[in-house]
Each structure stands twice: as structure tokens, then as C-alpha cells.
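Across the two complexes that follow, chain A remains constant while its partner is chain B and subsequently chain C.
Our next item is the complex of A and B:
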């Protein structure tokens, strides 16, 4: 366990000192300012727009941290062989992967925390300026849950980005695979539902999509913007099942990543 | 490392069979084979049937032209790449056990570090990862940075270092846990004469302290000065393994001995 914390420690240090992190946080700050200005030009559903834009900013910024900070950090380790300075110590490859995963997720967690506070301030400001448009059931608890789910989806994406970086010989390919998985994960459930409605008796495409839905993560399950915007309460069982889904999916991906990385030749 | 941690081992050579104990043998490579498959072609052997035994306290120079397979052997020793077959042990323990690297200090050919860390932070991480106690670690770091002339830059990010400073930082990182075995891949490549002297003196000190030093190099004069024994590798085959004087006496000059050995082998292979 000590080795995992050591690897995560240097990952966090390296990440914090990287300008990309500052850039992403700056972008998020600008987005929140834009949220305040742009939302004012809407004539209805101000609260929903504010929450939607705010939570999207959190998700996009988290993804940007994975893509532009996390993946390059790991890719540099493998391409430029910085990994030698870790694995020449009595550190098992499994500990390296877990350390990287924890380190990157700590960076994502801290960023999401900062961004969600900024987003909450911007939403509060907008609602303060236009109290008539506050959804009657709006609740900060549901808002916080939506942020938490957003973080869970980023945890799943981090584990997948690590797997793809370990699997592919080029960072570019890993990047493409991760973006592809994100897009599939966001839309697969919607496409499946639409296809089911169009072909209630089933089709080959539907069967293939159903098979794919077991492989790719269902990221739409983590999208709770609507619930947060209208304060729609979601059941604790939904909360528990979705969290368990994220945890088990992540653990499975990490398990596969360790298997892949144990076989990888570091040249 | 304590002697009690090393179990006696049986090493089987193609020609000889002998027992070695941890008191004598620290690195053993038995019948090592490695090949690479490139772009769907047939696997081409890089290392063929290599047997190598390094004794405790020995300073061993691993020589060979570019592409001979020296770095491949070192990477297999460090478990960065896997051999096709063969048994490799360090202190009588399989290299597949990550704990074995507690006894090893490793310097890669081109050390690349995390850009935003300082030398001090890097050494602190290296020491902690190798199980050095906090109280002795700071003292060791300070001594190493001073010894390798890096004290003035210890708080600066490594990305601002020159090549020589980076190489010396790599050496400091390899030595931070005071390992019994030092595996150095081209430790003097790219260094200016002052840097080379500094590193060479450091290796001599390790030798005096009874450490086992295994290093690859192209610089024959350094090998002559620093090594007890040498191994000459060409196209994955070990052509010579013996005392440095014996190697030198083949022609009377180390460089001539090396060149003629490689040329003869290349001619023999057609």
C-alpha cells in the first residue's frame, strides 16, 4: 500500500505543477462567468440553463484534465520510459497502475470540488438575480449528488484512459479510443432505446448494441443534470446502484489494465 | 542487504555445474534467450544462450558494439522486458519478485525524470520507495547531492538541468538507498571530462566499499580503469568473459583486443 501512495504522491505533485491544470481551471472559471452573463439573456428556465451549463462545465473540465493532463502524464511514462525510475524500485507493476489511478483521480477530485464550488456560486448568483425562475423543488443536495455522479463518470473514464494507454503503442490511438468510448458511453443507451421503440421485435443491430452496452460504460446513467436543475429527487437505491456500477466497472477495468501492463514490455 | 536474505542457489551452465552461495554470487543469468518479432517477420534473436555470473563485490564491465544486446540484458535484469527463456536471479531470488530490486540501484542509459520534480524530491521518493528510514534518508540525500556536485541545484526542477546534471541525478537516485548491487547502463555517455571523472570516482568508491558494480560502456579506457572482469557481447552472444588483464593481454591493448574479437566474430558469422 505504501508504494501505491508513493506513486500517487509523485503523480499529484507532477500534475499540480503542470500548467495544463491551471489552464483547465481558468477555462472553467471563464465558463462560469459566461454562465452568469449568457443565462441572463434567456427569458425562461433560467435555473435549468444555469445548472446545465454549470454541471457541463464541471464534466468537460474533468474530461479535459483526463485528456490533457492524465493521459499525457501516463503516456510520457511509457513512451519516454520515465516509468523506469518507478519500476527500478521494489514497486510492483500493479502498484504503479493503482498509484497512477489514485493520483490522477485525486487531481480530478480536487478540480471537480473547486469547479463545483465555483459553479454553485454562479448558479446561486443567477438565481439571486432572477428569483422568479428558481425551480420550486430546487435542492442543493440533489445538485451535490449530480456533481458526485459526474465525478463517478470521470473515475470510470480515468480507468479506461489508463487501460487504453497501456494497451496501445501510441498515445494518439489511446486518445482516440478514450474519446470514442466517451461518445459511445454517452449515447449507447439512448440509441438502444430509440431502436427498441422502432423495432419492438428486435433486430441484429439491436442485439449488437445490447452486446456493446455490456462492454462500454453507460455514461448516461451518471448524467443527472435534469434532476439537479428541477430538484427532482432520485431514490437512494438509484444512487446506490449507480455508485456500485461505477465502482465495479472501474475495478474490472483496473484488473484488466494490471493484466495488460504486467505483460507489456517496457522498451 | 543482509547475507541471510540470500539463499544458496544451484546454477547450471551448459559446460559446468557448480554451486554458488549468496556470499559469492549476486547476479546469475543462465541460458538467457530473447528475440523480437518485428512487423510480422520471423522472430530474430537478440540474445542467444547467455550465461553470466557476477560475484559479490565485483566490478564487471559489459562491453559490446552498438546493438550487441547489452541494454537488452540489463532491461531483462530489471524486469522491464521479459526473456523468452532462461533463469535470472539477483541474490538468489528471481527477478520477477519486485522486492529483489530493494538491493539494486539502476541507472538507465538516458535517464528521464518527472520534469516538475526537484532533485531533492526525486531522491526522497527513491529512498522511501526502497524502504530507507526517514531519519537517515535526509542525511544520505544531502551527502549524495554534495558528492555529485548537485547541491546548488537541489531545489530546481530537473527539467532545467543540463545533460551532465541529469546523468548525475540519475546516479544519485540509483545510489540513494545504498544498494549492494549497482546496474549502470552507459553511466558515462554524454558526460564532459569533469563529469566522467566524477562518475568514475564514484564507481571506484563503490568498488572500494565492496559493492557489486555491473555496467555497460563503450569507453574502453574507463572499463580498463574501473573493472575487475569484463564480458564482451556481440550480436547477442558472449564472446569473452574473464579478468580485464586477460582480455587486455589477448593483443596487449584493450581497444585492439576488443576490435579484433568483434571483427573475428563478424567474419566467422559471414
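Our next item is the complex of A and C:
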């Protein structure tokens, strides 16, 4: 366990040194200002627009950290063989992967936390300026839950990005696989629903999609921006089962990643 | 010196070429924009837009509403094709985020007044109504469109009565819905509905308003029964309502709680209050 914390600590330090994190924070501040301007273009449900812009910023920034900070950090270790500096010490490959995972997710968590606080401030500001045009059911609890789910989605994506980086020989391919998985994960449920409506008796495509839904993550389950925007009902059972799904999927991906990394020839 | 002059001339020519091509491109883009009327994204089927929007459906809906608003505000008089584009973009906005109030407000405030496709507007409003369970306004707009544009009082009354059941809806929706129902021969429905509303309502002022309207509908029910008996006996409608009393069908005429005489059309047998 000590080794995992050591690797994660190094990853966090590397991440903080990297300018991408600063760029993300700058982007967040810009989006906060943009939020006030964009919201001013509307006359109804202003709180909803503010939440849309704010939580979308959280998601985009989290993804930017995974794609432009996390994946290059890991790929650099593998390509330039700096991973030997770590693995030549008594640190197991498993500990290296888990350390990287925890380190990257700590960076994502800090970023999500900062962005969420900034978003909450801008939403509060907009609500204060136009209290009459706020969705009547809006709730900060639902908002917090949506942020948590956004983080869970990013955790799942982090685990997959590490898997793809370990699986493929080039960063470019790993990048393409991760983007592809993100696009599929966001839409697989919607496309399945649409196909079911079109062919209630089933089809080969639908069967293939059903099979694929066991492999690709259902990322749309973590998208609760609409619930946060209007304060729509958020059952604790849904909260529990979605969290369990994210944890189990991430554990499975990490397990496969460790297996792949243990067999990978680092030459 | 000669080389410098050639360089300057070549630079000048390239600059002129660039200026013309830039202005040409601007013109072409402007024509294309006027021709398309909306982003190509909103020319796609709604399902495709939902897929492309990924986890940013709310944000995309905001953009669609802004785009529809910009088309409406572009010039004083829009063409039919432009109104169709507004309707299509707002349809996408509702498909992406059916909860957004700005979408149905913009839709109702513009499209039905400039197009004849009222069923489409009502379809979109119904999506908003079905999602915004706390909001009586989409249901009211549906009732209004049926009443004002489509002259379908039965559907208008159904929509208004449904909208009046939403929390904080003004009681006038219930009374107006009931009146329309009565006018299309559904007085029993109006009475049952008003009784249900009366049971639920706690506010005394609103209760009084509903009770007054219920009394009017009950009075009409008595008169309608009298007319049915008279018609069965004499094979025609009486010329005036007081004939129901003089002919012995009714012991006396019920009072209109609004203090005016009932309006009666003996050709159709319709009674209004």
C-alpha cells in the first residue's frame, strides 16, 4: 500500500507541475464569466442555464485532464522507459498502475471540486440576481449529487484511459480508443432505446448492442445535469446502484489493466 | 532595387487576391446562411442531434433556443420557410431538454401566430407539459391553441381542465375549461370536474369561485333535462325557457348565479350562462 501512495504522490506532483492543470483552472474561470453572460441571453429558467454551462464545464475540464494530462503522463513513462526508474525499486507493477490511477483521480477530484465550487458560486449569483426565474424545484442536494456522478464518470474514463495506454503501443491509438469509448458510452443506452422502439421484436443490431453494453460503460447513467438543473427527483436507490455500477466497472477495468501490464514487455 | 519592387508588387497582388477572396467567401457564407436559416445540426433528425449532443444535451438545447430566437429577431417579417425553421429548431430544443421553459414560451409566443401547423405546436407543447409536472402554463397554452386557433372546444376544455389540476394553477382555468365542456354538450363532465376541484381546494376565495361556477352548471343541467322532457313531449324545443315552467315541465326556472338571464338558442337547444 505504501508503494501505491508513493506512485500516486509522484503522479500528483507531476500533474501539478504540468501547465494543463493551470489551463483547466483558467478555462473554468473564463466559463464562470461566460456563464453570467450566456444566462443573460435568457429570460426563463436562468438557474437551469447556469447549471448547464457550469456542469458542462466540469465535465469538459475533467475530460481535458484525462486526455491532455493523465494519458500523456502515463504514455511518457512507458515510451521513454522512465517507468524503469520506478519498477527497478521494489514496487510491483500492480502498485504502479494503482498508484497512477489514484494519483490521476486525485487531480481530477481536485479539479472537479474547484470547478464545482466556482459553478455553484456563479449559479448562486445568477439566482440572486433573478430569483423569479429559477426552476421552482431546484435543490443543492441534487446539484451535489450530479457533481458526484460527473466525478464517477471521470473515474471510469480514467481507468479506461490507463487500460488503453497499457494495451496499445502508441499514445495516439490509446487516445482514439478512449475517445471512441467515451462516445459509445454516452450513447449506447439512447441508441438501444431508439432501436427497441423501432424494432420491438428485436434485431441483430440490437443483440450486438446489448452485448456491447456489457463491455462499454453506460456513461449516460452518470449524466445528471438535467436533474441538477431542475431539481428533479433523485432516488437514493438510483444513487446507490449507479455508484455500485461505477465502482464495479472501474475495479474490473483496473483488474484487466494490471493483468495486461504484468504481461507487457517494457522495451 | 528592382527585386524589392517585384517583391512589393507580388505582395500587393497577393493581398488584393486575398481581399477579394475573403469578401467573396463572406458573401457566399451569408447567402448560405440565409438559405439554410438554421444550423445544419438542426436539419438532422432529432434523434441524431440527441446522439451528437453527448452529455451536453441541456447546453445544446440552450443553444437551439438562442438560435431560434436569433432567427425570429433577424428581421421584421419572416418567410414561411423561416417560420418552419424556427419550429424545427425549437422541436430539437424540446427533444434535447423537454423541461426548459424558455423553449415553450418562445414557441407559443411566435410559431402558432405565423403558421397554420397548430397540431405540431400542440405536439411540442404536450412534450413540455408531460415533463413539467409542476407547471400549468404548457397545458393552458395547449387549451388556448385548441380554442383559439383550431376552434376545438372539446379538446380545449380537456386541456384546460387538466392544466387546472396542477398545483398553483389559477381557478379560472377550471371554470373556463368547464364552460367550454358545457358548450360542447359535456355539462356532466364539467359538473364532475368542478366537484372534484372543489373537494381539493382549500382556499376559501377560490372555493367560492368554483362553487359559483358549479351552481351555474347545475342550473344548466336542470334546464337541459327540462328541455329533453319538453322535446320528448312536443317534438321541438320551446321558444323561450320560461315556457318550460308554463308547460309544467319545470316547477320554476333555476337562477343564474351570475345574476343574468341564461342565454338560450331554441334552434340548437344550447344554454349559456
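Assume the second predicted complex is superposed on the first by the 267 of 267 C-alpha atoms of A that agree within 3 Å, B and C clash if a C-alpha of one lies under 4 Å from a C-alpha of the other, contacts with A are read in each partner's own complex, and residues count from 1 in each chain.
The criterion applied here is as follows: a residue touches a chain if its C-beta (ideal position, glycine included) is under 8 Å from a C-beta of that chain, and two chains touch if they have at least 3 such contacts.
Just so it is clear, the model here is predicted, and its values are computed rather than measured.
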{"item": "Combined model on chain A: chain C and chain B, fit or clash", "value": "fit"}
{"item": "Partner chain in contact with A:59 - chain B first, chain C second, else both or neither", "value": "second"}
{"item": "Contacts of A:100 with chain B and chain C, given as first, second, both or neither", "value": "neither"}
{"item": "Touched partner set for A:80, first chain B, second chain C, both or neither", "value": "first"}
{"item": "Nearest Cα pair across chain B and chain C, whole Å", "value": "34"}
{"item": "Contact residues of chain A, present in both the chain B and the chain C interface", "value": "none"}
{"item": "Footprint of chain B on chain A - complex, ascending", "value": "2-3, 6, 9-10, 13-14, 17-18, 80-82, 84-93, 263, 265-267"}
{"item": "Chain C partner contacts - residues on chain A that touch it in the complex", "value": "38, 41-45, 48-49, 51-53, 56, 59, 135-137, 153, 183, 186-187, 190-191, 194, 219-220, 223, 225-226, 229-230, 232"}
{"item": "Residues of chain B touching chain A in the complex", "value": "75, 78-82, 98-102, 104, 106, 108, 111-117, 121-122, 125-126, 128-131, 157, 173-174"}
{"item": "Chain C residues within the chain A interface of the complex", "value": "47, 50-51, 54-59, 61-62, 65-66, 69, 97, 99-102, 105, 134"}
